[in-house]
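Here chain A shows up in two complexes: once beside chain B, once beside chain C.
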Partner chain A sequence: MASLIGFYSLIFGLFSSSVIIFLSILNFRNTNSFDKKILTFTSLQLFFVIVSFLGLIFSFINSDFSNETVYNHSHTTKPIFYKISGTWGNHEGSLLLWLLVLTLFIFVFLIKSKEQSKQYRILTLLFQQVIIIGFFIFLIKTSNPFNYIFPVPKEGLGLNPILQDPALAIHPPILYLGYVGSSIIFSSTLAATSLNYISKKWAAHIKIWVLISWIFLTLGILLGSIWAYYELGWGGFWFWDPVENVSLMPWLALTTLLHCILILEKKLLFTSWVIILSISTFTLSMCGTFLVRSGILNSVHTFANDPERGLYILIFLFCLIFLSLFIFFFLHKSQDNKDYNFFWLSKETSILINNWFMMYFLSVVLIGTMYPIFLEVITTEKISVGPPFYNKLIIPFLIPFLFAMAIGPKLKWIKSNLQDKMNLIILLIISFLLSLLIIKNTNLNFLLNTILVTSGFYLFFITLRDFFIKGFNKLSQNLAHFGFSLFILSILLNNIFSSEIITNLKIGEKFQKDNIEINFEGVKKKSINNYDTIIGKFKIIDFNGSEEVLEPELRIYNQPNIVTSEADIKTDLFTDKFMTMNLVQNEDYFNIRYQVKPFMIWIWLSVLLISLGGLLSLLNRRNEN
Partner chain B sequence: MKIKIFLVFIIVFFLTVFFVLYKGLQNSNIYTPDTSQKKDIPFFKTKIFYSEKMISSEEIFKNDKFYLLNIWASWCVPCRDEHAFLLNLSDSSDLELIGLNYKDKSENAKKFLRELGDPYDFILSDKDGTISIEWGAYGVPESFLIYNKKVVKKIIGPITSKSFLELKKVIK
Partner chain C sequence: MYGRKVKLRFFFIFLILLILSFTVFLILKSLEENVVYFQSPTEVKTLAEIDDKKIRIGGMVKSKSVLIENKEIKFIVTDFKNEINVIYAGIIPNLFAEGKGVVAEGFLKDKSLFFATKILAKHDENYMPPEVKEALKEE
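Entry: the complex of A and B
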């Protein structure tokens, strides 16, 4: 029943789109004020999509297996929380979520943009409706979440156990808010470009949307990483997996856009940058959808390999690209402030430098992700691009990037104040000595690593110092940059000081290496709702005096029948102790992996700081308004 | 003028990207790492199941055709699931099915085959499991598709309807 309502709501939602488009075109021609009916129908459309989404949630809660999506992804013994999160843990449901956020955002946009010109609002709505219709048809034609199956199966196939996790339950909605937020930026940029509407006022208004999607995208990626860290059991948090990359690319474009918008708002510069970046952010998000949903890549995110779906998104994506190209080349008249004199040591220059660095990083990730596909098509050779590629291409450029980031916001002072210059140099020397001290005791490549860590510390100290000098002035920028420096430093130190022990142990055995002894004390068995679990008990004795008990788990899920390995992680302020165990088939020993990872928690905290910076900036704007 | 050339260039670029991605969609994306693929099969000598004769791997895989080496045991429950697929595959004349009976009692194994049918053209025994280890098997069941003395494809766990279709496709 719920499914039926859900399906018809979808049809009505699509129908509302055509009404909205019709009304908008009428309203656009007549120069009267904004037609209230448009808003009514937009809210109606939102209502239909919400009903449809609730319909799917209800089918999941009631375990209504006459619904194909529910049958494929749910099971009666699953906890209620995962029944609900299972709604978007699959291809069909997650697309419905896309649609929900799309319609929600355009509704909020219409309400919040009353002071903008009527034509601009309507045109934005029109572009957004094009995207919405695209998704409606995609959903109904190729991935209907409400397919009916008969005879009704008694039991569902269950949700993939590695997706049954709290972090992953909220990861998709948060990430989607980020992705889909960029659709508003895309539509409004296209509208503003065609109407020649780009101005400081427009920048101030669209900046809010940039900030919102940027914050959600950052948090969404963070959640995904945290999940990968403790669930996949490899002890890393970023694997340069193509699916991770497709979320990183829009983030890079969006971050650059955020910086450009700030300049556009103050100085009316960089209009072309802003347009191109807005377009690329959304097309990169769509491109990500294409890559993970078409099955052209294989990963945890590939829900179904259906070339028909891939083809649809591909065509849709390229229609949007060509539409934006057309608008950019034929309708865009440069608004840049012509009288403005570029002083080579100005804030604008530093933003421009930042832009080019970001574009470089973006292209590295883009090439690393797409090249294997291209190569396979052209030569049928399969390669996989992994961390060494990214490390080699990104790390050397990170050094000047970090220095530029440290000095960039200070360029004005450099020409004015001698005292500051001295301070900057002193800080540089301190950072250098500090990193010298750290790197000296390791057997890493001395020169590269010292400079790298120096640049990290330098940014750290400079942003730290800014808190004292500037106080609450520019707090959001400081916080975000400080968070970024902390982020880079934690990653660097984490990489340098991580250690790992891999061994096979039977119950009761010991293993000793360096200063650490691992005692395998025993296993417990437990039966929980939808899985059985084997919990190992390990005592880790560090000869420096500390002792720790770690209890990694092996879970055997009933439906689908999959064994997952749950890491046990003991976190404190400076190190994470990470342990996983795996059963070796037909043998009586377990494969044990014990890792000590310093500063892990700081990686997460620093990303939170970065997004907090964005949030502060958003709240600041609210107050100003 | 300059802009026009630029525009044409960009359009051509995007069309190429479109074309390549379109082509890429039609490729199978089932990825097996290159290292484990096309490895030479290991050399071994073992007893034939129904007789006491010894045979070497070179004699078994000498012909120019596909071989499917299936590691099985009567005590292995998933082996029962895949048995139907094996029976189906045994009808195909392009494929020779070779069973490798893993750590099994010969009596139980014979009973298993009487019950479910014998799909194999040939059965070898691997009493102590060493041959399976040399093949790099993770457990039972596991199947290796062999062509020209190379492992073309490896199926870990029981053959499913999906891997069954893939096998058929490869053999064709």
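Entry: the complex of A and C
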């Protein structure tokens, strides 16, 4: 029943799209004010999509296995929380969520943009409807979440156990708010370009949307990363896996856009650049959806390898790119402030330079992700591009990037002389000495690492000092930059000081390396709802005095029958102690990995700080208005 | 002949082009050095020479071939035509088992011995690395 309602709601939602488009075109041509009926139908469309989404959720909660999506991704013994999160833990449901966010955002946009011109609002709505219709058809035609199975199966196939996790339950909705938020930026930029509407006022208004998408995208990536850290048991947080890269690319473009919008808002400069970035952000988001959904990339996100779906998104994507390029080249008239000249040592230059660096990072990630795909299509040769490629190309360029980030905000608009040079130099010397001290005792490449850590510390100290001298003035920017410096420093120190022990042990055996002894004391078995678990008990003795008991788990899920390792992590302020175990081939040996990872928690906290900076900026704007 | 401003602009464009081509060169160079090729046991057998580049091999874990010791694990990867012995010390993914597909990254010692540095994790029991599927299909 719920499935039936859900399906018909989708049809009605698609139908409202055509009504909205018809009304909008009518309203766009005449001289009347904004037609209230458009808003009614937009809210109606949102209502239909919500009903459809709720229909799917109900089918999941009731374990209605006559619905194919539910049958494929749910099971009666699954906890209720994961039944609900299972709704978007599959291809069909997650696309319905895309659609939900698309319609929600355009509705909020219409409400919140009342002070903008009528034509601009309507045109934005039209562009957004094009995207919405594309997704409606995609959903109904190739991935209907409400397909019916007869005879009705007694039991479902279950959700992949590694997706049964709190962080991953909320990861898709948060990430989608970021991804799909960029669709509003895309539509509104196209509308503003066609109408020659780009102005300081427009920049101020669209910046809110940029900030919102940026915050959610940042948090979404963070959640995925935390999940990968404790669930996949590889003991890292970023693997340069193509699936991760496709979320990083829109983030880089969006971050660049955020900085450009600032200049546009203040100085009416770089309009073309802003348009290009808006288009690329959304295109990269779509591209990410295409890559992970088409089955080209193999990962936990690839729910089904259906070439038809991939082809559809690809064609749709090309149409959107073509449309936006057409608008950009033929309708865009530069609004740039022509008489405006800025000196080389100015805030504009520093933002521009950092933009170039961001674009460079973006192209490195883009090439590293796409090249293997193209090569396989063209020559059928199978290759993979791993972390060394990214490390080599990105890390050295972080150094000037960080320095520019430290100095840039100190500069004034147009032309600037560096004030308080003395303090800046003193801080540089302190940072250098500190990193010298840290790197001295390691056997790493001395020069590169020292300079790298120096640049991290430099940004750290400068932003830290700014908290005291600037106070609440520019707090949001300073917080985000401070968070970023903390992020880089944590990653660097984490990389430098991480250590690990990997060994195979039988119950009762011990293993010793350097100062650490691992005692495998025993295992106990338990049976919980939808899985059995084996919990190992390990006593870790550090000869420097500390002692720790870690209890990693091995879960054997009944439906589907999959074994997963649950890491045991002891976190304190400065280090994570991380342990996973695995049973190999049911022999007596357990495969054990013990890692000491310093500053892990600071990596997560710093990303939170960065997004908090964004949030603060958003709230600030509210107060100003 | 040309004004100062024009000269400056030319210089600027030249500089950008220079930086751009340098970047492209850097990326391509790094790509060439860091790319990892995938080979099936049969392809390994037909290699002309063995170099010390990192590669990936894939196939099925031969049944009754897994041998575990304290320090390392040994097993045989087969594509049902040819076999390679693999020696590995490190973390083993949950779904590693005899008779299942596997992808290992590491270095060839000779045509029948492979030192793995990483065994790739897979995500569910039905999943077969596409490379393995391909390698198995070719027979």
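The rule is simple: the second predicted complex is superposed on the first by the 616 of 625 C-alpha atoms of A that agree within 3 Å, B and C clash if a C-alpha of one lies under 4 Å from a C-alpha of the other, contacts with A are read in each partner's own complex, and residues count from 1 in each chain.
One rule holds in what follows: a contact is a pair of C-beta atoms (placed from the backbone, for glycine too) under 8 Å apart; a residue touches a chain by one contact, two chains touch by 3 or more.
Remember, predicted model here, so these are calculated numbers, not experimental data.
Aligning the two structures on chain A places chain B and chain C in clashing positions. Judged by the touch definition given at the top, the superposed model places A:N582 against chain C, while chain B stays out of reach.
Of the two partner chains, chain C is the only one that A:N504 touches; chain B does not reach it. Of the two partner chains placed by the overlay, neither chain B nor chain C lies in contact with A:F28. Here chain B and chain C are compared by how many residues of chain A each touches, and C touches more.
In the superposed pair of complexes, A:L325 makes contact with chain B only, with no contact to chain C. By the touch criterion defined above, A:G310 lies against chain B but remains apart from chain C after alignment on the C-alpha atoms of chain A.
Contact with both chain B and chain C is seen for A:K382 once the two complexes are overlaid on the shared chain.
Of the two partner chains placed around the shared chain by superposition, neither chain B nor chain C is touched by A:F15. Among the listed stretches 6-14, 24-32, 78-86 or 114-122 of chain B, only 24-32 clashes with chain C once the two complexes are superposed. Put simply, chain A uses residues 298, 382, 384, 585 to touch chain B in one complex and chain C in the other.
In the complex of the two chains, the chain B residues touching chain A come out as 3, 7, 10-11, 14, 18, 20-27, 29-31, 34, 138-139.
Here chain A touches chain C in the complex through residues 160, 162, 232-234, 298-300, 360, 363-364, 367-368, 371-372, 381-386, 388-389, 392-393, 502-505, 509, 511, 560-565, 580, 582, 584-585, 587, 589, 591, 593, going by the rule given at the top. Taken together, the chain C residues at the contact with chain A in this complex read 23, 26-27, 30-31, 33-38, 56, 66, 68-73, 89-98, 121, 123-125, 127, 129-131, 134. Looking at the complex, you find that chain A touches chain B at residues 290, 294-298, 305, 307, 310-311, 314, 318, 321-322, 325, 329, 373-374, 376-378, 382, 384, 585-586.
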